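The structures come next, written out as structure tokens.
Each of the two complexes below includes chain A, the first together with chain B, the second together with chain C.
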Partner chain A sequence: MLLNSPQDQARVKRRRRKNQLFHFIFFVSTFFGVVALAILLLQILIQGFSWLDWQFLTSFSSRKPELSGIKVAMVGTIWMMSVTAPLTFIIGVSTAIYLEEYARDTWFSRLIQVNIANLAGVPSIVFGLLGLTVFVRLFGLGNSILAGALTMTLLVLPIIIVASQEAIRGVPMSLRHASFALGANRWQTIVRVVLPSSFPGILTGSILSMSRAIGETAPLIVVGAVAYIAFLPENLLSSFTVMPIQIYTWAGLPQKDFQNVAGAGIILLLIMLLSMNAIAIFLRNKYQKKH
Partner chain B sequence: MPNLLMLFGIISILTTAGIVAILLAESSGFFREISFIDFITGTKWTPLFADPQFGVLPLIMGTFLVTIIASIIALPIGLFSAIYLSEYAPTKLRAILKPVLEILAGIPTIVYGFFALTFVTPLIKTFIPQLGQFNALSAGIVVGIMIVPMISSLSEDAMMAVPRSLRDAAYALGSTKLEVAYKVVVPAALSGIVASFVLGLSRAVGETMIVTLAAGALPNMSLNPLQSVQTLTAYIVAVSGGDTQHGSVEYLTIYAVGITLFAITLTMNLFARYISRKFREEY
Partner chain C sequence: MSNIVTVENLDLYYGDFQALKKVNMSIQEKSITAFIGPSGCGKSTLLRTLNRMNDMIVGIRIDGQVIINETNIYDSAVNVELLRKNIGMVFQQPNPFPKSIYENVAYGPRIHGISNRSELDAIVEKSLKQSALWDEVKDYLKKSAYGLSGGQQQRLCIARALAVNPHVLLMDEPTSALDPISTLKIEELIQELKQQYTIIIVTHNMQQAARISHDTAFFLHGEVVEFADTEKLFSNPDDQRTEDYISGRFG
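Now for the complex of A and B:
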């Protein structure tokens, strides 16, 4: 085809220019996210950094912003995660193993699968209503660490299940066949071949689900984590608060300085979460194309 | 062993069953006192007043106002960045941008809420002085920023699934990258893109902390984005944070509002699943 006529050349030029224009628009859109992230981090650093000191880490909450600290909330988060993490891991990985290695394609296994996909889309606050009704009232756990931790476990389960399933599915059939050929039974194959080889993926999913649990606020407000607590939790039935709830309370207070205290709390929270996520992303990228 | 594993699998089914059961059981207590018709068509939501009114429409309006503002931000930006990442971006740049978007997706919503309250609202206020301290606009904008990574990554997945050969055919006919993107890739991935939009909006409807912190607590029928509104989710937080008597009608409202929220998001999620199944182009 000849493109020599002036009209043809003008048209080609126009199409190329349009492409360049949209190339620019698409690029700017993508950078919107990067810029938003940069502004958000910068803004919070400016606001909270000078308030983030040893006193802040080791003090209880207080009416005076300069005396306020995040100790109780930090300990509360650690308590909650020490229940949520092992429970989520055991239940999530077991479910994934069952679905990938044992379940035949029956209505039942499909029901579990569809159900997990739907649970992932349920707003977190609805899990709070579930926790309030079942754990706090029905089981009589009250506004305790245990009630909060169990609610959180149910909330993040879909994340770890889906990630573990993908990891297990990524293990090549040939590895399993080799194991069977050596006389191993199904369970031995799972424990000695499938799990070790899918472990990085499972670990990534676990870390992501934990970082989600640490950052969640809404369901715990409903379950009744309290904002002002003047003592450290003593056992699983103690009332408690966690870092995001403490931040939420500070952010809502009228004195301007409490915004800065909230900023300091957010910096601490983000350091924890971003380093967890960075480890997860690193692990995934490192082991992604192993097979 | 399989049986034990299956028991763990059943926990997820019990969770769903539990959610549906408690929402139905507790809200039925509410609907014994307040007629369902009044609830769903009423335009006044004042459950804590001396003369309480239980019309849920103001909360639904508030939720949709925030969601619409969020979608104005998130749908174009999400789609455009998906097109950029899948069609334009050099491999090295892509390897940097993807993790950044993932980090954005991993930031807790309480942080976004704080950002909306202490940065976005004052910023907009310098341009629009009549903006309230709590308003739907900055909450909606920040909810939009929050769902961009989700829409972008789901849309990009759909575009990456379009076979290379279709693009090559279009390039061979002399198309520019833009023409390949909007005449070949986007139409071929349309079901996945639309599904990502619906899922993103369903996230916006269920978002809680941003709207609680930045949009305020004033149930409002108006569609004025400069005013304070209350969303379904923010109402649940407001009531469960206070000390309402267990068993009272005010206490039961959180379940009536909760089941409304659950019904809306479930419908959207099922719709997204239906679209991506029904209209998927198979190659």
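Now for the complex of A and C:
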């Protein structure tokens, strides 16, 4: 047998060249995203880092850039999240449990399933309009934190439902059978077997949906979060603003220094988002190691 | 010896498919009964009928009676949770929970309302001793069950089933996922357990049935072809199909 006939060698070389070409294309694609992100981050850091100080964190918004701060927006975001987070978690996980553990495979449950998948893809501005119609006008909540938080809950529910469903589906059937065979009912099986095993996935989904909610702007503008506000919210029916809206407002102002203020706001928002994602990853790894 | 499980004229359908046809059987208390037969013959289906694990399958229909301890278990007054407490089950693949060894065994008692720590400790120790696992794990009770070998996991599953104090233990090919040495240990264990429990075991392994069981039922296409004393069934079967199967002519 001839191991290195000229034709074979030529063919092997051609295949290798092809491999190298694709290797290069994939590398460039990866590089493109990473570089774009790095440039963006760098620019924001240069612009905003020196503006990110204690004064910025503790001041109200002002007409003068050097006196402007993000306090109101940060407090607004915290208020909104403290309503959205528990609501989303309870409704989202309950829905996922119902669909995965209780619902029979009927046309009705399939309809719900398809709708949840579709809702995850609906543009956020549409949720804003829904919130405006239902919560602001119909329920008469006005341009309040509660209206904003409820709208945001609807927006991120599909994310947490889908993530929790996948986590629950990932629990092997054999574990449920073991539990049922010992005389456990469905609820006992869910609480003692299914949820502990799917907890890391559910947690990851929850935190990711929360970071989505923190960063959303459009629906809250529609619902009526105010761009400039000179006092802290007092209760759930107070008017409010949130960080992305404040950043958006600053970025639109004519004075050059406000771009830097906006940069400082973006850095703060990114820090919050990245730490939430880090917590999600940390918790997932921590609980996965247990099994 | 008296009969503990009696199956009378049992028909079982998955949708249009009839998986069990007019099954009649009486199973002796505190003995080992083996179900053998080729794949899809209905032996596992019958086993799962005895603790109503089939209830969860959509589109299943059951006619006839299964009487355990003088109660028809398909009677509407029967509480399926308590039935399953009385009829334990061990599955083909070892399926311990992702919990500690201790929590695996304590799972059943906890489900049924025992929360006293010393009571649980006693149950866990007794069950692990019964399943011949205690000496191997007594110093690692807080460790994850997933650290055990396959054979140890299966014995843990047996301990878990024994912890709720069942009368009958159903075993669905409990050794088919195990190596020969682990299989031998489980077989020895089963021999021990028959002193106290009625054991019904589905097996693909005819030698296993011949080695450990007192009675054997041969299933084919949803019918019980022959149900007899194990020694008789393997040495001198009445039915030609049984003869063909045990001599390896099909299946």
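We adopt the following convention: the second predicted complex is superposed on the first by the 265 of 291 C-alpha atoms of A that agree within 3 Å, B and C clash if a C-alpha of one lies under 4 Å from a C-alpha of the other, contacts with A are read in each partner's own complex, and residues count from 1 in each chain.
We adopt the following convention: a contact is a pair of C-beta atoms (placed from the backbone, for glycine too) under 8 Å apart; a residue touches a chain by one contact, two chains touch by 3 or more.
Treat the numbers as computed from the prediction; the structure is a model and nothing was measured.
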Touch check for A:A10: first (chain B), second (chain C), both, or neither? neither
Which partner does A:S29 contact after superposing on A: first (chain B), second (chain C), both, neither? first
Could you tell me if A:G121 is touching chain B, chain C, both of them or neither one (first, second, both, neither)? first
Does chain B (first) or chain C (second) touch A:L57, or do both, or does neither? neither
Given the touch rule stated above, what does A:P172 touch, chain B (first), chain C (second), both, or neither? second
Using the touch definition from the top, say if A:I78 reaches chain B (first), chain C (second), both or neither. neither
According to the stated criteria, A:L67 is in contact with first (chain B), second (chain C), both, or neither; which is it? neither
State whether A:I247 touches chain B only (first), chain C only (second), both chains, or neither. first
Which partner does A:L99 contact after superposing on A: first (chain B), second (chain C), both, neither? first
So, in the complex, the side of chain B touching chain A is made of residues 1-2, 4-6, 8-13, 15-16, 18-19, 22-23, 26, 76-77, 80-81, 83-85, 87-89, 97, 99-104, 106-115, 117-119, 145, 148-149, 152, 176-179, 181, 199, 202, 205-209, 212-213, 233, 236-237, 240-241, 246, 254-255, 258, 261-262, 265-266, 269-270, 273
Within their complex, chain C touches chain A through residues 51, 53, 56, 58, 81-85, 88-89, 91, 93, 95-99, 107-108, 110-112, 144, 146, 157, 160-161, 164
Show me the residue ranges of chain A that touch chain C in the complex, using the header's touch definition. 104-105, 172, 174-175, 177-185, 188, 192-193, 196-197, 290-291
The chain A residues in contact with chain B across the complex are 15-16, 18-19, 22-23, 25-27, 29-30, 32-34, 36-37, 39-40, 43-44, 47, 90-91, 94-95, 97-99, 102-103, 111-112, 115-119, 121-130, 132-134, 137, 154, 157-158, 161, 187, 208, 211-212, 214-218, 221-222, 224, 244, 247-248, 251-252, 259, 262-263, 266, 269-270, 273-274, 277-278, 281
